[in-house]
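Attaching a single structure in structure tokens format; questions to follow.
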Amino acid sequence: MPIRKDKRERYVEVEVSGPREPLWVRCEACGELIFKRKLQENQYVCPRCGAYFFLSARERIAALTDPETFREFPPPQIPEDPLGFADQVPYRERLARARQETGLGEALVAGEARLAGYPLTLAVLDFRFIGGSMGVAVGEALYLAQAHAARARTPFVFVVSSGGARVQEGVLALLQMVKVVAGRELLAQEGVPYIAVLTYPSTGGVLASLGSLADVTLAEEGALIGFAGPRVIEQTTGERLPPGFQTARFALEHGLVDQVVPRAQLREELARLLRVLAEEP
Amino acid sequence: MPIRKDKRERYVEVEVSGPREPLWVRCEACGELIFKRKLQENQYVCPRCGAYFFLSARERIAALTDPETFREFPPPQIPEDPLGFADQVPYRERLARARQETGLGEALVAGEARLAGYPLTLAVLDFRFIGGSMGVAVGEALYLAQAHAARARTPFVFVVSSGGARVQEGVLALLQMVKVVAGRELLAQEGVPYIAVLTYPSTGGVLASLGSLADVTLAEEGALIGFAGPRVIEQTTGERLPPGFQTARFALEHGLVDQVVPRAQLREELARLLRVLAEEP
Amino acid sequence: MNEEERLKVLEEKAAELRRLAEQDGLDLGAELAVLERKIAELRRKLYAELSPWARVQLARRPDRPSGLPFVQALCEAFFELRGDRVVGDDPALRGGLARLAGNRLVLLFHHRGSTPEEQRASRFGMASAQGYWKAKRLMEVAARLRLPLLTLINTPGAYPGVQAEAHNVAGAIAACIWAMLRHPAPTVAVILGEGGSGGAVALAAADRVLMLENATYSVISPEGAASILWKDAKVAPKAAEALRLTAHELYALGVVDEVIPEPMGGAHADFAATVEAVREAVLRHLGELSRLPLDELLRARYKRYRHVGAQGPGA
Amino acid sequence: MNEEERLKVLEEKAAELRRLAEQDGLDLGAELAVLERKIAELRRKLYAELSPWARVQLARRPDRPSGLPFVQALCEAFFELRGDRVVGDDPALRGGLARLAGNRLVLLFHHRGSTPEEQRASRFGMASAQGYWKAKRLMEVAARLRLPLLTLINTPGAYPGVQAEAHNVAGAIAACIWAMLRHPAPTVAVILGEGGSGGAVALAAADRVLMLENATYSVISPEGAASILWKDAKVAPKAAEALRLTAHELYALGVVDEVIPEPMGGAHADFAATVEAVREAVLRHLGELSRLPLDELLRARYKRYRHVGAQGPGA
């Protein structure tokens, strides 16, 4: 019975019925073997110890929208690998691999949907896709999703799970920080609300642009929220990190987010929020 | 030789040639007896120990403007004593006394002038006039001075020396905080620069309104800058005040002001600032 | 029987008459009119006799309707927003998004707390720099979303502390005043309890300023004025009189737009009725304001504050 | 004789010819043209051969023209503004009001320091949250006064520290980007040395982005990329190549509007000439921008960033 540790780090799949459909999952935090359906029902929170497993973008969308209301936007047509980048693995190969592993075209899934009946525009990063990093395609999709929300006058919800800008696209990735803020300005000009949901991890260039500019910012319990990673901080400065550093609780105490929400209540809290934000009551 | 301690606390006048024209002044900080003309030449900084004496509004104006360029605005026509206020002394009597002692109509002197040739609109509070407090007349004069600066497109310079809102005018004094901010908005709408000079003391409702909203904020060395007075803080909270609390240096270190300027260089620094701010070079 | 008791009896009698008139179709209009005139008179007399100092005591009651419970009763839905995004959060000045009779708005309010722990945590409603920076941030959210602002004021004043000064509480208050003056949607402020000086005015530069009947609004606490001007803290009741800090006096001075009557005995005597009275008044004013085009709204607001206190020929 | 020396000889020869042509009225146009073509070619070759990693070293030199001395040489007058008005001041990111060839503007720049103490104090140009909150404040001052913004970038990146996180350095960078996008006047950014990731882009969302010839602009340091992607810090030179971080490469990618040539050997070899080259380029671009009406300026800026990196049919 091989155990494969995937990129989600804390999400361990036990392959039982072939590589495609593992039936059991092992919780890395407490060691429990959990029936996958049960874990799914529990929104990927360990029923034994409460540890949070990563949610893929599709799982997140399923958890946050009314059934069968999500209509995905077509992916933007963007030339791939603008720099012809190769490290130990050519970037194109990395992309192909990520696509195969996740079944996604890119690290962002965006579309329109309803939540408790309220229409919204939703964009969700998937950390499994090259660390949820923002390259040109992700930036473009985020821009277009915001443009759609501004036009349709539906609240824009952005679920962050990202290591930052995509290194393999160099400065072009860095400048997506500006592009997504240009999209944010469209929402502001139309007076359309923007809600950010920060999850594990919300860091780097995504946090230092769109991720920090919401009207309302929710942090999922278990989120990691910070510009620089804890290891970088320790290595660069030699500072001892305080306990709970960069957790959702830390962010709340330092005034960086509006609320900390357990995953089980995230859907309900968003609905509560839409109830005060939606233009029609 | 009677020694009279006036309201300026640190400014001690030794009456020699009658009550009107003291020739000598004693420095409270070091005990030195100083020839008044010499003190004047030194911009009211003790030549022996460097202690700052209060400057009256007129002295301040003389120190900061080109000779004979100051043209005072007529005082606004404001009904006096709107509440019919009396404590141990009726407010009207207090006003009359302040007028007699200072030779001013109210705690603010405003007008247009030049500094190093640059035209500006200048408003200066005089602490000797009921603690430089802001009542309706002061608020109105500050509003009108800003309206003038906005119209004339000359930088507006506000020299603060105030204990806050004038208690004897109740909520009407408190609401001058809003009125002077309405004046500040006029400057912003016209893109006209506003420079605040915070001196001893810059506190209460004057700091918590116009005093904090400048484009450029200079603190005179020796200034006291804070919303609440040190005694109030100690009494209310029991907190030990850190050394140097609410000094100009403290304000600079905490990012509250742009520069700390010794009185002797204030004129020169303002000229340097006008050189980059004036519309014509 | 004292006057308050007599008033109660009269009110019960009037209620009975109304019931009779409805049930049996009797025409008791004339009798009712007489009774109601009597009630109004007695009421006026009773309240007119309440000294400013007595109102100060009423305004400060810890059981006075205010804070989070008040907001939760007032709105159909409230979603709290926290944090100033730079330093921290302040439990004494809170706010969030709300829906009030269908209207979306941003709400800001002082929270004094009812339990001793809550009161300690929120410093009895004295907000620090973080509170006012947060308020400024929420005003910006409201401006971006073109939402009206409703503020509910009940504070002895801003917190006088070392950290408050270090984080520029004065600048935060000034920034709130400026943001309210520029706000691109209607703004209504209600003083529910104490309207203490700069900490209150930061939330009170509104299109309409309403006061509960026994609320106070003052440049300084009566105790503060007494000790500074009279050099004797014991003359606070006298200072309270001199300061003209009651709702009726401020209405007469043109500073307050409406005095919201309180239930007999004070707002604490009937939480629900107080909430309802505030709700009715707020909705009425918001309704009036929302009919104005934005430029007119801003012009009127601006004019109001530009002339405050100055009725002389210079105005 | 190596190529750099050959270039020097050719340049001296050209200067002599020019002098002769002027003094004696000789027609040496043809000879000069040949010579100048040769010089340009050699120059291009020499610089094209400089590896990206060599440029990274040049960009990081502590004696590279930058910071306060650069600003003082660049402008006729500079008045520094300090503090973020909430937390503190940051010596690594500085700014103020300046006059440049008669133009009023607001200047923001990284200061790395030249002495060891200065370098420690300014953390080698790594600004913390206070620095970026101050930058945002100065952008607001500039917006109120309708002044152009000029930013001079030279930072390894934002400071990664506990206090920086606690005071929301990410939010401050985001706020700067937003403020620059909305700025109601021309904006020019010049990358003088290192343009390190988020700490650089916070000041680089400008109408025009110029780079000194040996400056770098990168999403991550070559060392960082090497250790993350190659798991080997020693391949940094290779990473520097892969990242396309040089001025000429970024110009080719359409990210940079102009590459400002450096004096032979690098900017440090001639401080005054570098200042002059930057000054000329900045004034030229500011001049062009200031001729545009505001709505056109904003539309062009917005379009530029809306399409960055996307040349496909979706754009």
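In this document, chain identifiers A, B, C and D correspond to the written order of the chains, with residue numbering beginning at 1 in each.
As a convention for this text, a contact is a pair of C-beta atoms (placed from the backbone, for glycine too) under 8 Å apart; a residue touches a chain by one contact, two chains touch by 3 or more.
Everything numeric in this text was worked out from a predicted model, so none of it was measured.
Steps from chain A to chain C, taking the shortest chain of touch contacts, total 1. Hopping across touching chains, the smallest step count from chain A to chain B is 2. With centres computed as the average of Cα coordinates, no chain lies farther from chain B than A.
More C-beta pairs in contact connect the chains of A-D than those of the other pair, out of B-D and A-D.
Rounded to whole angstrom units, the spacing between the C-alpha centres of chain B and chain D is 42. Centroids of chain B and chain C (each the mean of its C-alpha atoms) stand 33 Å apart.
Here the spacing of chain C and chain D, counted between their Cα centres, is 53 Å. Contact with two or more other chains is made by residues 212, 254-256 of chain B. Residue positions of chain D touching 2 or more other chains: 85-87, 167-168, 171.
With chains as nodes and touching pairs as edges, the resulting graph is of another kind, matching none of line, ring, star or complete. This structure has the following touching chain pairs: A-C, A-D, B-C, B-D, C-D.
Remark: chain B residues 188, 191-193, 212, 215-216, 252-259, 272-273, 275-277, 279, 281 touch chain D in the complex.
The residues of chain D lying in touch with chain A in their complex are 158-162, 164-171, 173-175, 177-178, 181-182, 197-198, 201-202, 204-205, 217-220, 225, 228-231, 239, 242-245, 250, 253, 255, 302, 305-306, 308-315. Remark: chain D residues 77-89, 96-99, 102, 104, 130, 134, 141, 144-146 touch chain B in the complex. Note for the complex: chain C touches chain D at residues 85-87, 129, 133, 167-168, 171.
Remark: chain A residues 76-79, 82-83, 85-88, 135-136, 139-140, 143-144, 165-179, 181-185, 204-205, 207-213, 226-228, 232-233, 236-237, 239, 241-242, 245-246, 250, 254-256 touch chain D in the complex.
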